[in-house]
Amino acid sequence: MSRKVAVLGASGYTGAELVRLIATHPILEIGALTGERKAGMTMGEVFPHLAPLPLPRLERIEDLSFEGIELVFCALPHATSQAVIAGLPAHLRIVDLSADFRLRDPAEYLKWYGQPHAAPELQAQAVYGLTEFYRNDIEAARLVAGTGCNAAAGQYGIRPLLEAGVIDPDRIVIDLKAGVSGAGRALRENLLHAELSEGTHPYAAGGAHRHLGEFDQEFSRVMGRPVRVQFTPHLLPMNRGILATIYVEGDPQAVHRALAQ
Amino acid sequence: MSRKVAVLGASGYTGAELVRLIATHPILEIGALTGERKAGMTMGEVFPHLAPLPLPRLERIEDLSFEGIELVFCALPHATSQAVIAGLPAHLRIVDLSADFRLRDPAEYLKWYGQPHAAPELQAQAVYGLTEFYRNDIEAARLVAGTGCNAAAGQYGIRPLLEAGVIDPDRIVIDLKAGVSGAGRALRENLLHAELSEGTHPYAAGGAHRHLGEFDQEFSRVMGRPVRVQFTPHLLPMNRGILATIYVEGDPQAVHRALAQ
Amino acid sequence: MSRKVAVLGASGYTGAELVRLIATHPILEIGALTGERKAGMTMGEVFPHLAPLPLPRLERIEDLSFEGIELVFCALPHATSQAVIAGLPAHLRIVDLSADFRLRDPAEYLKWYGQPHAAPELQAQAVYGLTEFYRNDIEAARLVAGTGCNAAAGQYGIRPLLEAGVIDPDRIVIDLKAGVSGAGRALRENLLHAELSEGTHPYAAGGAHRHLGEFDQEFSRVMGRPVRVQFTPHLLPMNRGILATIYVEGDPQAVHRALAQ
Amino acid sequence: MSRKVAVLGASGYTGAELVRLIATHPILEIGALTGERKAGMTMGEVFPHLAPLPLPRLERIEDLSFEGIELVFCALPHATSQAVIAGLPAHLRIVDLSADFRLRDPAEYLKWYGQPHAAPELQAQAVYGLTEFYRNDIEAARLVAGTGCNAAAGQYGIRPLLEAGVIDPDRIVIDLKAGVSGAGRALRENLLHAELSEGTHPYAAGGAHRHLGEFDQEFSRVMGRPVRVQFTPHLLPMNRGILATIYVEGDPQAVHRALAQ
């Protein structure tokens, strides 16, 4: 029994990867794809490696009928996403891959993203999509917020330690190394091959990275009081992958037990 | 006895590399540097790896006194270069690293660069700067045209074979692999790390690359009749370097002798 | 209705990639895996990215029961492969990914691989596994010889042109650029990151590469007379992928028609 | 007035780079080069990029006359270095690039390198070669120990802060990212392009890296009491360069002032 899904924003990096993964999924089936600027094109025209897959043509969101669709993946830019999702039919379940619904506190959203949220009631309903820790909530949710890539990498190692109470919550350092595709296809000088290859550099040092907002929210929720970590992401000369080197204080045996169980 | 030189356009990739090389030259000494948009800055501010060198500050060309300067290196963009050089004091000798003076036939220049040459009388005087083949001309020249990078790489292997008469001039294939810094710092999608790394692609296939004009000019000059080669450059996921794989027809022993002598 | 397969040599690069692909195949199902030196281990222990897949443990070939298995993929080293395949139960169909059964002429095999073939009767039965050109033969075959990676890349562009009779068969140049994983995990100095990254070089130049034997065999078969091409492979600083730049002589319109149809 | 130097072990990565740098030095002049396994060869035969330089042929150390030589650079493997240096003529001044003379306490040397030092009296005389902090000692020294690459990178940021007393010496984290050429030309699987490119990994985690011995020695010397740091080096898919991300606790303004002065 297959379930029909739509992917909004299928012509970007994230959308294309999603389509590739759904194409071999045992239950999900792609019923519709949208791409504003590429509407009318086939996915194979935009991404040649997807040409062999039997996929619907790209449409504009406003031309899309959601009949028969049960689930929508939203791979749209930040801010656009909340406006589009607010207008979707009520019967749809939604997984949003933008940053729009990761922070549940409107004040935090304003602080990290610089503008008020356009769909605050949806924001309150959204479930933080870190499956390993919110599996039951996600199962029941209408709207799931895909987590930040850095934010997920950091939480996998730290949450079990905070929950087990074996580390000092106020002395956590996350030194993160990330591939460049996470920055998308933006035409920025520091993303050029001649600038990035054979080098590495931190970015958003000193607590300026938006994923820090997710660490704050999630670790504070676990501990029941404000927790602030040190977090420095670095851009590496590789396309994919994230390595988080995490420094904590606690008894090594206890830390190992908490992670191994 | 040192000789004072100026580098025009010292704030680009080419200019910076030139400055780095001149800095350890036994005779040349840097007397002046220009950079339009970076005028007033030190080289170390633009390129941190040059900070330890004792270098003059960047100026605007119009503010530059050429007193005491004997030689000017011109690392300006194509087309700009010919206008600037036309206005330089007559006592200066000039090495131009742009494409402006490589082709000596105005019709060829128009064909490959799409506009008439602005300094045709200088164009006629310029010497093609491939030292291994034009050493005497270069010594006597007022204006030397630095060759195209691909054009140089191809000629090193082929000229000795044409001059020795050991290959068929009408069956030459140049398959060229070039690092990405040759494309400069332009913000183009195909120069992004995520697009270029882990891949390679030909560009300007089918005879569209401007360096083909240099092959035509030089090989025809050697043979005294029109010679046309096949030339396909490829962009490789590396920053520097060029490898030209050249396919010719001729007796292998004779080819080897012509190259080894 | 699934069909059970075994993968022999599943602990190498080729075997692991095969397992990854079969795992999402709609019909094939993995029934057994072998790996001589890693026997007893799980695939997840050898390749962490395969840990989530439900896979049988690695066994030694001699411990393997082929009951219920219909198809065997053989990802063993050259020479080992022919010995193992000669001893497999008669009911099995086999896809061999080594070089052992690509050349059908024993004299050619001896010339390119330096030793007589150990299973010449199987060699005569094997079908050359280039699906686009031998689909019917492959369907009927007991033993399919997976083609060389470079050999496949070159044939895709050239065979249609030879079959259409639109190019000169005696003037074909194949300049091939290949990623480094094709060389496997061998500990060779020229495969080190510090040696290979930021550079490229030809290898087996001058007609020394074994895949040239496949070009000879296949192009001569198409033309009904001996055909010899020029073929120079290059190692590029990327892990995967092959680009073949092919130079031919013929009418461009006819060439385009032959490829486009 | 030039000063003649010899480079022992000139045929390795370190030796070759040293030769390249000395070749453009205003005062130093290369008088002799050794390379045990490459004795009799020219440097250009071993490293083609050095072929244009006028350099002496490689000799064996035992064949070398040190007449006229004032300074010796020793780029030999660890352990070999101490034996060779112990036998050098007394008039020579020596810069050793191995790890042999970095640690001055014999017990520390034994702990980190697993064997007793073969020249303990020289070990006691050696000056730690971090020029920015030991300039006067280096000027007077007969034997200078080149520092570990990681050890140098970490000290540049931390020593000024310890000396100024503005950070907590017991809460220092050094997360270090290093290019792969630092591991030399060893044939190890994790140094292959296909394994290293597109990935990164920590090594010697948990306090196992020998450069930690240098941090211990130097920071303890500065503070006059034992100081232990957290140090995790990572291998990055780049050939050269080191980035040390350092986490400290202290007043940000005071830290900035200590670094800026």
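Remarks
Chains: A, B, C and D, in written order; residue numbering restarts at 1 for each.
In the analysis below, contacts are C-beta pairs under 8 Å (C-beta built on N, C-alpha and C of every residue); 3 or more make two chains touch, one makes a residue touch a chain.
Note that this is a predicted model, so its numbers are computed, not measured.
Among the remaining chains, D is positioned farthest from subunit C, on the basis of C-alpha centroids. In the Cα superposition of subunit A onto subunit B, the rotation angle, rounded to steps of 5, is 180 degrees. For this pair, subunit A with subunit D, the centres built from the Cα atoms lie 43 Å apart. Centres computed as Cα averages put subunit A at a distance of 38 Å from subunit C. In subunit B, the positions touching at least two other chains are 197-198, 237-239. Taken together, the subunit C residues at the contact with subunit B in this complex read 171, 173, 175, 177, 179, 197-202, 230, 232, 234, 236-241, 243, 245, 247. Within the complex, the subunit D residues that touch subunit C are 13, 180-181, 183, 185, 187-189, 191-198, 237-239.
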